[in-house]
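In what comes next, chain A is part of two complexes: it sits with chain B in the first one and with chain C in the second one.
Presenting the complex of A and B:
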């Protein structure tokens, strides 16, 4: 049986803790008697017969008829699937989406359905490269659909092919892909790695227009999202669920297939990352040192290549299909079963290592804006109940925070860093003053629509993702980052963890409590 | 008197060119410039011809001086100067009666006793430069485009030199400010060359590439005389960026970010490293292969690129210039300007006004004695990365 997550009180005998530092790691000795470390639960066992479980879910859905009963000759069937932002890191082939879609296509073929489109639900993310589509869907699906133009990627700027479904009670316009809107049946193939994803979010962001997204991807909504991992206390999810209601009333029939993964993330030789430090064997310590030193010696581009080449041996822990909200509740049960750790009370200082990857840089660079997004957006939000760190407390992250951007994937991020951040780091101010310019910039629009660039507005959304954390924290410190770049983000640079704790003392005092969020892997702190 | 003097010695020029790649100080040591005792220059005209003895107070070191000293100056000028000469054309000095004057260095028609191209012409005006390359009728004034490149007049890197009345501007300002009037005039002249291109444009974008003395002077000129333009500046060093902002630039970015900044301002695309549109006018205050290439890449079709920095020998692919019908315009010195309101002041009048307005002395980073010219030239050659802008010689306590 996998062991549950737990909270370790650090004493003098506790070994140094593992921290991510981008494409490398460090071990940090945390102060005894005032530090606790939150460890994630060990990976849950996976389903042995994945294809059988998927088929079973399609044939025995929740609150909907079995999929074969929904498939009729001459119908218009659209299959949407999560893009390359999931899973992180990418899973070993065959990808769960491939398995789901192959099963759906088999049933569709049996039913004589021949009008089938496959759409990558990108939202405002970058278009996937062909090799990424092949990885996600498998060669058979790619070769059958892509050459005929039946496998394509959502375009949130193609207003000729977007359709308004209706408006919520709060005036939010639900505007999605016309093909999806006009389909007789939409099947959504999802991977759920965190509680934030799935549910109505899949359609109302994945195949929505910029206009539709702007109703919930904004500073006011994100500042009132408490947290991203708790949809019942998330203004973002409230908006998405309102939109979902409109979809249910006026939109196409949606058959959602959601899957959950365990946290078996890193294969050998990186499997030591998932172990608790005091349980490291001599071999683990040697592997850590060898890996750390080797990564130190190679150029950062090579480090990135090594890390992004990791394919995770994730195992599927659940699959449910049918009516979106019902399916999603089951999904959340599974996700929380893997992620939740009970934690008593908040902390003065929260420490976290920022890894090389987040949902917005698959195969790319973790640029400074994404460091902010990952730290204050994702990791800060890994809570239910109350944030791990108290209001006015200090967040300490470790990351090199190099001033480096992927010019193909993140063109507007570069300008955002050079133009917007020197002017303001306040999400509300930048939204008011700068967002429209970036959203409407023809070049960014062109690169998003025809290249592999994130939408022009995306750096704003990445920044807004951290809006609640930014508002909540008294100070944010980055250890080991490029100092001018860290300052540009509005944070404080520190050379070492000890320096960071010294700086933090100015805000929260010398005997402040410290909590280390142990990453990897993923956990959600249920803070009482 | 003891003065810094340049002689036509090809071997020294060659050595300077080679050693400058290693160190500016080494180039200054082996190059054609030497501190030596020279004969006092003879008055270059009769006693009533308007020549005055000017006692140097401060004299700046310009990019063109450095090019000469380190052997990188173009051979183009060989027929337009007369050796041996005393450099120094950025000068604030004092007349025998104690009046403070700033030198407008062009040895124009009046200085050479030639009819001006029009009444009230400034020394730099006209469309025939024959007088610059021809000895004066009495033979006392040899060829030379400017004081500082003419063997007859002497130059600012000496305790005193000869200057014609037509070259002198009486000023009432600190020496440290006055020594910057000449480079400001050059920068303002380049700034005003933008006007014909942006005539009738509502929201013109003018990019400035480089923020040394000339680039900063251009920015100050644009902010003062082309106030409706968005001024986008690419400056390599933080102190240059801060000064560009202080002088009125709308947007200041690191030099490598200029293309993106202009793109943002123009809202255009990037295709193959070139903007599809871009700045209406780009002023290149660097003058290198790379900077001219960059200027062409960020200037919109049928826009203008103004070359303020002396370019010398460059190698460029001009296909883009041809395709985009880009106008390439040189910006040398100064003369009589036409402002947007139709008035026609001289550039020096505008420069005096602007140096007062921006308190230009803040650009003067260090002064040296002539004896320390090797250090001075090395400092000037590396001004940017040493946090400096303008380096000058201080001759206020010098003796002949």
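Presenting the complex of A and C:
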């Protein structure tokens, strides 16, 4: 029986805590008697018969007819699926999306459906490489659909193939892929790794246009998103749900299949990362030391290659299909069952280790903007109720924050770092002054549409993702980062954790309370 | 004196001639007891248990020393020969991933198509490691176990179990069922033997029967290309490429007879065959309408059947035979 998450009060006998430091990790001794550590729940058991569970969900959907009843000969069927930003790290093959889509295709074949398109719901993310598509969909689907041009990736800039569905009460225009809009049935194959994913968000961001996304991916909306992991208090999700209503009334019939994963993230020999430090065996300690020292001694490129080659042994904990909002409520129950940890009260200082990966750098480099996005956007938002850190408190992150960018995946990030950040780090100001220039840049548009680059506007969105955290925190300190780069982000560099706590004392006093968010794995703090 | 010597020489010559004639005379000219006795009419002689054929005891081949030796043979000569001669592409392991992930993966019955002696070595290499360790192979008793040396080699190198092809032998099926119950996975060729003409044959019910009897899932497998590399009747192998496609494990439904289950296994392998030569979606669409090209080939006979076989092989892995490296001549 997996143990639930819990909050540990640090005393003198507590061992040093594990912190991510990009592609490596460190152990940090946290002050006794004023620090608490939030440990995530252990991974829930997975479903043994995954294919059977998926088939059962398709045949017994929620608030919709069974899938076979919706499939008729001569119809237009479109299957959309999440891109490589899920799961993180990538899961071992076979991927859940492959399983769902194969189950759907088998029913479609039995029903005599010929007109089937598969669309990777990228939004403004980079196009996936062929090997990534193969990983997500499996060789069978890739080899059957890709050569015929029936498997392709959404293009949010292809206005000839985008279609306006309608407008919300608040004037938000819903514009999505024409193929999706004109389909008789759309099946969405989803992976819900965190509570932010899924629901109407899948389709209203995955196959939407830049114009459509800009209604909710903006500083005002994201500063009022409290939090990303709590859709009922998220301005972003409110906007998405309004758009979903428009889709429901005027758009195609959508049959959503949502799945949830447990948090069994690291295979052997990295499985010690998910263990509680005082439970590390001699083998775990030896593995930690060997891994840490080895990673320290290899070039950063090799370090990245090693870490990105990790494939997670995730297990599926639930699958539901049918009407999108109903399905999503069930999905959220499953996600919260895995992630929620009850926490009493806020803290003055929140510490967190930033890993080597975030949703915007699969197979790529965690550049400085993504460090900000991961820390203030994702990890800060891992709460329900109130943020873990009080308003005006200090956030301490550990990451090398090297000034390094993936020139193929993140071309506009480079210019954003060199041009926009020296001018301003205020999301509202950069939105007004710079966003349009990047969003409409022909070269970025070309790279997004034909290469493997994120959309030109994407660094802005990554920055806005952390807007709420940036606004909320009194100071952000990065331990172990490249000092000029950290300063460019508007943060304070520190060499060691003790230095960082000294710097934090200027803001929150010397006896400030400290909370450490223990990742991995993922958790959502339910702050009372 | 001279007469005496002459007579002596004549006697010796006569003896020698007699000895040569006796040596040259075929054994068949001698009767009982030099030959087996003839059986009087109306008398039935009980069959003698020879220890060969289906009665060959393979227990020794599953003992630790033999298993270790087999591990060396599998990882050495079989691996090398498979790589050099058949260059396989193995797909569909993901369909077995859920079972492979279990702490104690269940025994499986692999039911591949059969076109060549290379199929067994190929299967041993292609089956995921978790099942490879405890794998037994059902082999024709009349072919692999008719001589002691052949039986010993088959049992040692392939962990082969003799099985009657012509008669449904209870001993064979009981032994196989016991081995499966003991955790051994099994490779059994439902066609009963190698293809006669390059096309497949109808499936016999052995795999379905054993699955129903033991509860072990059947994994349909399609092997493409080995028939063109070393099919029945070929004098020497022609190296080429092969493809092994694993299907989803299948179990008989509650009220499904062995015959119907066998037909379902055959359909699954047929669909895999179509998938190997076309693609997943085309094969699924045709499976839904029952239009997958049959493994047994077209119904007509003669040259048109051979012609169709050539066309089919062009679609498959065997059509992509490795070309000889012929560099352009250096003309100075």
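Operating definition for what follows: the second predicted complex is superposed on the first by the 528 of 528 C-alpha atoms of A that agree within 3 Å, B and C clash if a C-alpha of one lies under 4 Å from a C-alpha of the other, contacts with A are read in each partner's own complex, and residues count from 1 in each chain.
One rule holds in what follows: a residue touches a chain if its C-beta (ideal position, glycine included) is under 8 Å from a C-beta of that chain, and two chains touch if they have at least 3 such contacts.
Please read these numbers as outputs of a predicted model, since none were measured by experiment.
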{"item": "Partner chain in contact with A:172 - chain B first, chain C second, else both or neither", "value": "neither"}
{"item": "Contacts of A:442 with chain B and chain C, given as first, second, both or neither", "value": "first"}
{"item": "Partner chain(s) touched by A:138 [first = chain B, second = chain C, both, neither]", "value": "second"}
{"item": "Contacts of A:98 with chain B and chain C, given as first, second, both or neither", "value": "second"}
{"item": "Residue contacts on chain A - larger count, chain B or chain C", "value": "C"}
{"item": "Chain B versus chain C as contact partner of A:110, first or second or both or neither", "value": "second"}
{"item": "Contacts of A:51 with chain B and chain C, given as first, second, both or neither", "value": "second"}
{"item": "Chain B/chain C common contact set on chain A", "value": "none"}
{"item": "Residue ranges of chain B touching chain A (in the complex, touch as defined)", "value": "251, 253, 257, 260-261, 263-264, 267-270"}
{"item": "Contact footprint of chain C on chain A as seen in their complex", "value": "48-51, 92-94, 98, 102, 105-106, 109-112, 114, 116, 138-141, 143-145, 313"}
{"item": "Chain C residues within the chain A interface of the complex", "value": "91-92, 94-95, 97-98, 101-102, 248, 275, 279-282, 284-285, 287-289"}
{"item": "Touching residues on chain A, where the partner in the complex is chain B", "value": "414-415, 418-419, 441-443, 446"}
